[in-house]
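What follows is a set of structures for review.
You will see two complexes here that share chain A, one where it goes with chain B and one where it goes with chain C.
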Partner chain A sequence: MFFKSRRYRKSFLKSLLFVLPGVAITVAFVIYPVINTFWLSLHNWKGVGGAPVIWVGIENYVKTLTSPKFWNSMLNAFYFMVGGFVILMPLAFGMALLVTSKIRGTKFFKASYLMPVMLGTTAVGLMWSFMLNANFGVFAQFLNAIGKPEWIMNWLATPTVNIWCVVLVNEWMYAGYNMLIFAAGIVAIPDEVHDAALLDGCTGLRKIIHITVPLCKNMFMVFSVLCITGCLKAFDIVWSMTGGGPMDTSATPAVLLYTQGFQFKLMGRSGAISMILLILGLVLSILLNNVIFKQDDM
Partner chain B sequence: MKKKLLAAMMSLAMAASMGTVCCAEENVDYDIENHEFKDVTITVHTRWDAADISGPLYQNMVDTFMEKYPGITVECINIPTEAEWENSEAVLMADKKSMPNIIVEYGGSRVLDFVEQNLIVDMTPYYEQYPDWPERFNSLGESLTNFTAYGYEGIYGVPYTAYQVMLFYNEDILNENGIDPASLESWDDLMAACETLKNNGVQPFEMGEKDVYRFGHLHTALNYKTFGCDMAEKLGTREVAYDGEEQKQIYNLIKDAVDKGYLGTNLLGLDDGQERSTFGTGGSAFLFMGTWYCAEDHTGQELFENEKIHALRFPYVNEEFKYHDMGGGNEAYYAVNTGDPEEVAASVLFLKHMTSEEMSNMFAEGYPAPMSVNVTTEGGNYLSKEAAEIIAETQEVRGDIENYDIASHMMTTVRQSLQSLAMGASADEVGENIIGLIKDYE
Partner chain C sequence: MNKYVVARGIKKGAQYFIAALLAAVTFFPLIVTFISSLKTNDEILLGMFSMPKVWNFSNYPDAVRIANALKSIANSLFVAIATLVVTVIIAMPAAYTIARKSYGYLKAVYILFMAGVMVPVHCTLVSVTKISSSLGTKNSFAFLILIYTAFNLSQAIFLFTGYIASLDRGLDEAAKIDGCGDLHLLVRILMPICKPIIATEAILVFIYGYSELIFSLILITDSSKYTISRAMLNFTANYTTDYGPQFAFVIMSMIPMLIIYLVLHEKVEAGILAGAVKG
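This part shows the complex of A and B:
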């Protein structure tokens, strides 16, 4: 009876009006492109306006999943994740502890840690690719100066070494940004908790391990989801430093989907890579939320 | 009664729409010079570089055009770096709504996809309307606009610049090392000179293979100098295989030079700009480059200003093909059929303006590179004159060898595979990689 009442209908329509813009934007910019990409992944298209779109079923998925290039790009994405969890996470957390602590000069630390994020990816990429140049880069010059020219190598053109260079630059760039995530969690811990810990004699590293880290669990979850999805779609820093080369050795899946689509004109293949990335990102995020960071554990 | 009325209305509508199409076809105004344009905007996608001398010259052509035809606005998308320009074009040409009105391209398979989809305007009726216009083009750029080999009659595009790949050398370095430039006729002569230089602690070449076209061009030039220009068609039709003995011979020539360190000390770490500046400042003895190098801005380069840099014909591998070279039409402008007749007419008019005698002379005086458009001016620097003398003796030319292929991805596929030579790959591996990618992308 209530559902049919005039008041309910009015309230329902009002709510709908508020929800509608958000729904429309999500449909237009998320759901429609995803459906369209899925449709494209089942077809072959040369990427030229007006060119025929030919149904091929799951062929693009089969070719992608059996391609060594794709698995190499997945390995590179995995390196990004390893770098993210092993280097970036402790680094950003440590920086957050530093800037939230009551020591002098925190303003200077905050500004300097955030500077790489403010520089912009292309600027960072170009700067580091010049620094890493084996002919005139600062590292090569330093090694020459200390009498170790044999240690100089073409860092950005040597397989595996090149992707790790990009990973490290990525961590350098995003440490400040992720520091903000952890800092937000740290400052949200009530002072009473710290005071109680102090009374119990829990200070220093013990306080960090037993108080700060557990109470920042939400922040670790946010970091993990951002890190995993970010690593799967890493593009800009790779593109500006190596372009995915040489020979696709430093290509991430996002770089590969771009080159397959716009350089090799294999739009269907590119669509298939996009769908695989989307599914993988979703699965990993859900796993993280429901298995590793289960709400009832908190 | 209602059904009859509906049927009659539908047939009328269909007949009217057919009539519109027929009339539209018949009513295309090819006399573009006398056409009145009102608020038409066209977009031109090019590689002109505002930082080089060619960019301002091109901008001057755009400005004079807009002054002459105030009803037309020209918007420019100029991306000098080849890879970025290719990517940008691919993105824009993926949808009719984003397509530029004019694109610059190298002809061949790179344009074939667009011609196949009827996206490139056939210039034949415009050339018939203005018979003097095609007379302005020389034979250098013919291959860029002719697609009959692919089964498409007509003339697609307007050829503009031309080139020939040559060997530039530093006179001082060669003299200091007792190498007579006149003796560098064959590839073996060049390799012997490289050995001498290397033994004397001088770097022969410092190629920037970070830009993958560098080995791509070397592969093309060596093919023509070994097997003649016909190899382009043989490879293109797959009569000759990319993993066959002939091609392995070419890969091995490059590999041998790479392994001996003749081609560079940091092949994958340098780009073509750094390669040119290294040579221009005396950091290497040779530069293997297209004749656009002659036209570039060399202001402040002591070697160039003192005329110490000179041009040589690229050495032959097989003497029979001494005068077969990589070159010809470099770039052509293609009017894109966006579906808007006003835009198409304005685009063609812009191309006519660009290739007019006045504009071509103005451009050639400032940027003395070979042109596919006839120029009637005596311009150029000492190096472009040396290059012109070499070109005058050339008997046969072809462009990038991958561009004669039936598959449009071949330029990227072959160039990327050749890059592996700088990473220690063998000739067999390069051939296998190319064939594997061809199969994968079929």
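This part shows the complex of A and C:
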């Protein structure tokens, strides 16, 4: 009995040893920072070691929620979402239909469409901001060539236009990524369904609308979750193309919390935006998961 | 019948046309940027969309000299590879324990890692800077790698646990009867079987680590330690007189990833899909 319990204790300790490094890192660098950010969001702090940390209660939240900059950044995040559903979803689904169809070279097309994801967001952002340059960029050159130089403007410095440029570049980069999701759904449709559809004379566009799309419902759900939670987090692509500027007009919430915290040194304000983002993200993903769960029950 | 054949032909043709058009849109910016990287500054200012008069490769050595491009690419490769090694080494034993043991506390551990997946990186920025300045680890690659690991660990454990749980327990029992301890079992028997999922995770971590931006923005201030994203942004913001080297730098930064993609594209596709659907 004594022997058994010692062995049990030994293997119990060993299991602790196995999970401990992972737990320690996650607690130290993910969980603790979130709690600390919450604490900071209730204070004012200049972000320098010796600067005083002053308790201000919910002032940072009030100031954030009443600031036009914050709501503008939420609007930009909303544009990301609209772009996701109106442009990215049909585009990615169309690509998925193509790479799962019976044409030759689907492997090549699939690999090509996915390629932009590999390039690195910053490189993609810089590449496209060269393309959009009003002096020597490809689009300016094209408009000159067709005799419409008056249409040329500094796209990345014009409010609303700049965020849509970023959104479109984002769709260019991630179309192939989402294509993979949809393609996995299309491939999973059993052959019998296709045969049955053929027998019933259901082909072409009608087959896509009545068979492929409903049977890929799960994949549309996955896309929706990724798109809605992703639009709040967009940072790299915005930062590399516009830096959130001019005057934060193209900032997403993630960019705004960075500029507030690290350029204006308003750590408390930045913390408040972080918390709002975190809670919004959690609520949205729980809500979406419940919607999916309920629909699966039906 | 004939009408049917014609209709099918038109449909096929349309499919090829759209597929090729999309591929062209995908490659177009890359090609234009590459061609522009071979031009002189005067040629670029006349417009990106034209062929260079002379193929001029001097922008590449310029980018290496002025922006320290090779150094920053090496930094990024080092950080990415170190992150993926550390992530696998830490995640594997944890996933094994969660999948195979049944101590009560492991449920809590699993929930902790699931919570880790939900936390957006940006919500921790302020605190991570604070931690790093109180530890004096600004500009330390070791700290950067730890942070990258922390944000990849949850996903790795999630994928590994699922994979190990799907393996037959009979294997473990057989090994245990042969006198094999936990560590031995994990390293010698489970790791080789788990190779596919390790490859998947390694690819995801590598893509993340190579091009990560926000933590290198706040944690690295020494220009000789810039990772590639940081170095490119710094260069394009400060060196605005001559565009050629900027284009060359952007192209150079993409080369390591493109090589990996050319060699491993099927593995990359599988990896990205596994990472995405996990949600």
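Everything below uses one rule, namely that the second predicted complex is superposed on the first by the 259 of 298 C-alpha atoms of A that agree within 3 Å, B and C clash if a C-alpha of one lies under 4 Å from a C-alpha of the other, contacts with A are read in each partner's own complex, and residues count from 1 in each chain.
The definition used in the following text is that a contact is a pair of C-beta atoms (placed from the backbone, for glycine too) under 8 Å apart; a residue touches a chain by one contact, two chains touch by 3 or more.
All values reported here derive from a predicted model rather than from experimental measurement.
Visitor: Clash or fit: chain B and chain C on chain A?
Guide: clash
Visitor: Which of the two partners, first being chain B and second being chain C, lies in contact with A:G47: first, second, both, or neither?
Guide: Both partners, chain B and chain C.
Visitor: Just chain B (first), just chain C (second), both, or neither: which does A:V283 touch?
Guide: The answer is neither, since A:V283 touches no partner chain.
Visitor: Now for A:P159: first (chain B), second (chain C), both, or neither, which partner does it touch?
Guide: Once the two structures are laid over each other on A, A:P159 reaches chain B alone.
Visitor: Can A:S67 be said to touch chain B (first), chain C (second), both, or neither?
Guide: A:S67 contacts chain B only, not chain C.
Visitor: Could you tell me if A:V86 is touching chain B, chain C, both of them or neither one (first, second, both, neither)?
Guide: neither
Visitor: Scan A:D248 for contacts with chain B and chain C and give back first, second, both or neither.
Guide: Only chain B; A:D248 stays clear of chain C.
Visitor: A:K265 contacts which: chain B (first), chain C (second), both, neither?
Guide: Touch partner of A:K265: chain B, not chain C.
Visitor: Report for A:L198: first if it touches chain B alone, second if chain C alone, otherwise both or neither.
Guide: neither
Visitor: Per the overlay, which chain contacts more chain A residues, chain B or chain C?
Guide: C
Visitor: Tell me which partner A:G94 touches in the superposition: chain B (first), chain C (second), both or neither.
Guide: In the superposition, A:G94 touches chain C alone.
Visitor: Taking the contacts chain A makes with chain B in one complex and with chain C in the other, which residues are shared?
Guide: In the superposed arrangement, which is not itself an observed complex, chain A uses residues 47, 49, 133, 135, 262, 267 for both chain B and chain C.
Visitor: Which positions of chain C touch chain A when the two form their complex?
Guide: Touch residues, chain C against chain A: 11-12, 15-16, 18-19, 22-23, 25-27, 29-30, 32-33, 36, 44-49, 90-91, 93-94, 96-98, 101, 103, 106, 109, 112-113, 115-116, 118-131, 133-134, 146-147, 149-151, 153-154, 157, 182, 207, 210-211, 213-214, 217-218, 228-229, 232-233, 236, 243, 246-247, 250, 253-254, 257-258, 260-261, 265, 268-269, 272-273, 276-277, 279.
Visitor: Report the residues of chain B in contact with chain A in the complex, numbered from low to high.
Guide: 83, 86-87, 90-91, 93-96, 99, 113-114, 116-119, 210, 212, 265-270, 408-409, 412-413, 416-417, 419-420, 422-423, 440-441
Visitor: What part of chain A is in contact with chain C in the complex they form?
Guide: Contacts found on chain A: 11-12, 14-15, 18-19, 21-23, 25-34, 36-37, 40, 47, 49, 94-95, 98, 101, 103, 105, 108-123, 126-128, 130-131, 133, 135-138, 140-142, 144, 172, 176-177, 180-181, 184, 204, 222, 225-226, 232-233, 235-236, 239-240, 254, 257-258, 261-262, 267, 270-271, 274-275, 277-278, 281-282, 285.
Visitor: Quick one: which bits of chain A touch chain B in the complex? Just the residue numbers, please.
Guide: Residues of chain A touching chain B: 46-51, 63, 67, 133-135, 154, 156-157, 159, 243, 245-248, 262-267.
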